[in-house]
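Please find the structures below.
You will see chain A twice below: alongside chain B first, and alongside chain C after that.
== the complex of A and B ==
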């Protein structure tokens, strides 16, 4: 192996290619890291702003009492005017595969109003990101590593034949399989190192956890090994003496495995498991809410009290407008949309499971899926993030409802005890 | 006398055509045997057979190298053999020393002999040893290949058209080297078109026609152009 590595590393073209790979890997990690840092900065800035805004909010929306400490606030105003930050915080390894992070907002602001309308209002895919993808480690590994394998291994036999060395080599080697195996392995090792070394440096610099690091390295090594074996199978077959043909064949395989088949299968999955667009949900929510203004208040409050009988015997709704009624029809729009939300999430999971099956056949999908799992930017984590928002919104409602329905004013102490969205650092 | 190469009743069919037909050949230690033949006569095919690079289904007969049957133990048989192709098989981006070291690693023989000594014996100037072989002339590359054969301590040396593309001085130097190898007790089999050189260094001269080898008298005075043409046409 030592001699094979020497033979390779003495060639300037090989050194240039490996250096380019090293550089691109470093840049992809840096780019991913920059994106994640930007998200962290946004979250920190939003947190800082919220910490300043909330005390001010109470000050501005509270009503005078006999003393400063007796200031109170109306629960309806609190629900309508107070925004709460929710964060889609990146995980430690999110920089490796940005996935959905660039198209899903990292910071959103929600109120006590109907949740689904607010959540899906922000779900809009940026066409430029969707078209181009993002230059992260996952992208580079999936698309560039195979090309590097093809460049270094398409002419294993053909180059020796062209240099009229093949016969001589065969006359020297005792086990041709062992000889070619060493050639393939030495190339695999060098390519893998150009991907693994920058990852190791990053992990060391930022003191990242070991288990995900080992997984990333294993995925990298296995994926490059798959392409090395594929290249070897093409360039070492019995009549593999035409380097141009080998390169063309391998590039076609790359095109099929990396571009055509994953895209076709995605198209099929979208056709087989159609998911309602988020904006449609937001629109429908808005229509329920707008429609509720024209309905008799009883039509909203009766089903609401059926769900929350504990507030049934609270003071009745009077006058043309009442916050109780307003928040009840906001919430009932969420309740009516619930089957669609459940169905949507179920279909997303079905699509995700089907992609998982596909990953057994398409190595590109396997890599992308595994790296996105490590990066916590896959569908499972996205849905978990949604669940956390729903739990927070529920906690917020449960905290505000006693004041709203019993028509009790909030004191500053009550205000400070309102739940806040906890950013765990990984959603 | 020790027979370093013994080819017995070797026949080879290729695409239904008989290339070698019940061919017999021996090369003894300290002897140079040259095989002449027209283009397409099967000279290179004969070398490929000796190197064990033909499918056994196409080939019948026995090949023994230093007494070891190629069909039984190719690995051990090959360890006694060094092959120098018509185009020197050196890697252009490696130096002479690196090339020899790499080739030795392929044969798993390690450095049996000091590479520098072998390069000196092969007549490669020391100033060239560490330069990339892409800067060498063909004659210098041939010397690297011969130095490898010496470093490997091969008993049998197979040379395919060694003088092709060499100028007269380089040809003379190479011929001297072949004689030196012979003097060191190596058996040398040369496949060549260069009759005059072959007469100079060979102990036996053979003509390959119709898949069989026929001896030629080693008398330079009898080699008229007319006789050579008839020999090449198999009419001797």
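== the complex of A and C ==
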């Protein structure tokens, strides 16, 4: 093995290829890290700004009480005017695969109005950048590592034949399996190292936790091993003496595994599990919310009180407008949309599960999916994030309802005790 | 001389035909192409159907509104969907990433929402297979596999020396080889363009958009053919030629485009939308607060109105003061929101500028810019859509505010319901496809790079073709 390695490392072209790979891996990690720290900075900045804004808001929207400390605020105004920040915070290892973090807003704001009208607000990213995709570790491993394997291993037998050593080697080697195995393993080791070393350095530098690191390393080693075996199988065939044919065959396999098959799977997935476009939800939500203005107030309040009997006996709505009724129909729109939302979520989960099954057949998908799992940037994490937002929205509603329905004003203390996204965020 | 070049090209075809593998590869390429067309067509159909459904439903919902107060209608708002050009079948561009629905509402500037990329599973992270991608990525790759040996093998067998010895100039051999590679691929490109032309015959601006795409594709493929012949001439060994070409391909098609976009994002990161909204609201507060009776801006506004109508009290105005206030408020908020939008556009422009500075590295990205512009799926087209929908929003809301001002009696404002006919006649101009000039900078940059990439291997080839 030692001789194999020295033999390999004496070739200038191999050294330069390995060096290029090291460089690209370093860049991909740096790029992922930079993106994630940008998200962290955004979240910190938004938190800071919100902390400054909240007392200001109370000051601006409160009404004079008997003394200065008795200032109070109307719960309806609070619900309508106050935006609350919600954060899609990255995990420790999110830099390894940016996944859908490129499109999901890391800072979003919601208020007490109907959630479904606010949940899907987009982020103002650069769409062309998102389309081209992120240059993260997952991309480099999935797309580039196989090419490196092909470059280093497509001519195992053929290069010996070219140098007219093949017959000599065969006559010398007692166990060809052991001999070629060593060759393949030494190459596998070098390629794996060019990917693993930067990750290790990064993990050491930023003191990242161990379990995900081991998983990433294991995935890397396994995936490169898969390609090493594939390349060996092609280039050690009985009559694998044409290096160029091997290279073309392996490149075609790469093309199939990295592009054609994932695309066909996606096509099948969308055909098999069609999802209602989100725009239908937005349109329907508007109909429910704005339709309520033209209905008798009883039509909104009766079903609402059926859900929340504790507010049933609060003072009735008699005037043309009351916040009570306003927030009741906002919530009822969400309630009426619930079946559609559940259905969509269910289909998205089915799509994800089907992708999981496909991942057992397509190693490229398996790697991408597992790395996204570690980085928490898959569609399941998006759905979990939406659930968290929903929980926060519910907590907020429940905190505001007593003031709203019993028509009592909020004091500054009540205002400060409103739930925040962080306090309801954890599972 | 032309007949000589032609003869060399014919000879090359004969050889490629007899070698079997090139023909096989070409068939695989065409199969991939067919799959890509199928996938892209399905994708396009999905989008087009969504857009149609949304437009129809939005129109129906709007028209079937009952009698309402005009301010209710301006909060009811309007949905617009981004139209999809049939050429998106060739290059969907940012269709999946940009969001295709905007909610137009009084005093709000909403984002374009609902992009399939957000809810995609892991499979969504693999690049989409489209006809444009076939031309941009796979055609060069197959070209390399088919033709890496074209001159090198002649060199090894001594045929090249023999031909030169017979007085055939090197450049004629180079031209013949290049022609032999380029013509079949050009034929495929023309075929694609013809089929597209027939399929989307009645769509807008088709000829100019399609021809610009075809021109860019031909230039791109021509430069790859040139590159393959050049490298093949430089190399002494077949293996060396293949590996060099593959390395160039990996860099130009896979590493650089992504790398450039990511570098641009690192150097000029975009700000989150939520922050921009807070900024806009803070700024609005400093300009004027219509809820505050002592606000200087609105105090002055009120005085101006009273002077204009020569009355001393708001109650004596012949028009609805609330409506006037809404008009003024909308004017202010719109100015601020448009300013925010311009800031955001400037941020994106910075990224684009940084990408364009390094575009020389990768003709693949240059081609992609032109194809995205051609199919109407690039950033400038999207920004134009946002601008158009914003203009429509402002026009619609101000129309409703006008009605509020002149048709709603002041003393019974809140209880008034106006006839639904007013909404039916509201100005809601349809969103149209902008002319190709919106993406002029990226098209120009793209063509410059493509010409450069044609020139560079051309000069190298001319130089090297003197060698044996």
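We adopt the following convention: the second predicted complex is superposed on the first by the 411 of 427 C-alpha atoms of A that agree within 3 Å, B and C clash if a C-alpha of one lies under 4 Å from a C-alpha of the other, contacts with A are read in each partner's own complex, and residues count from 1 in each chain.
The rule is simple: contacts are C-beta pairs under 8 Å (C-beta built on N, C-alpha and C of every residue); 3 or more make two chains touch, one makes a residue touch a chain.
Computed from a predicted model, the values in this text were never measured in an experiment.
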item: Combined model on chain A where chain B meets chain C, clash or fit; value: fit
item: First, second, both or neither for A:91, with chain B first and chain C second; value: neither
item: Winner by number of chain A residues touched, once chain B and chain C are compared; value: C
item: Partner chain(s) touched by A:7 [first = chain B, second = chain C, both, neither]; value: first
item: Touching partner for A:76 - first (chain B), second (chain C), both, neither; value: neither
item: Chain B versus chain C as contact partner of A:198, first or second or both or neither; value: neither
item: Touching partner for A:165 - first (chain B), second (chain C), both, neither; value: first
item: Touched partner set for A:278, first chain B, second chain C, both or neither; value: second
item: Angle, in degrees and to the nearest 10, that opens at chain A between the C-alpha centres of chain B and chain C; value: 90
item: Which superposed partner A:175 touches (first chain B, second chain C, both, neither); value: first
item: Touching partner for A:251 - first (chain B), second (chain C), both, neither; value: second
item: Minimum C-alpha separation between chain B and chain C after superposing on chain A, in Å; value: 15
item: Contact residues of chain A, present in both the chain B and the chain C interface; value: none
item: Chain B to chain A touching residues, read off their complex; value: 48, 51, 53, 74-75, 78-79, 81, 83-87, 89, 91, 93-94, 98, 101-103, 105-108
item: Interfacial residue positions of chain A with respect to chain C in the complex; value: 24, 27, 31, 34-35, 38, 42, 45-46, 49, 53, 83, 85, 99-100, 102-109, 120-135, 138-139, 143-144, 147, 151, 155, 162, 243-245, 247-248, 251-252, 255, 258-260, 262-267, 269-271, 275, 277-280, 282-283, 286-287, 290, 293-294, 320-321, 348, 351-352, 355, 358-359, 364-365, 368-369, 372, 378-379, 382
item: Touching residues (chain side chain C, partner chain A) in the complex; value: 21, 25, 28, 32, 35, 38-39, 42, 46, 50, 53-54, 57-58, 61, 66, 68, 72, 75-77, 79, 81, 93-94, 96-101, 103, 110-115, 117-129, 138, 141, 145, 148-149, 238-239, 242-243, 246-247, 250, 254-255, 257-259, 261-266, 269-278, 344, 348, 351-352, 365, 372, 378-379, 382, 414-415
item: Residues of chain A defined as touching chain B within the complex; value: 2-3, 6-7, 10-12, 163-165, 167-175, 179
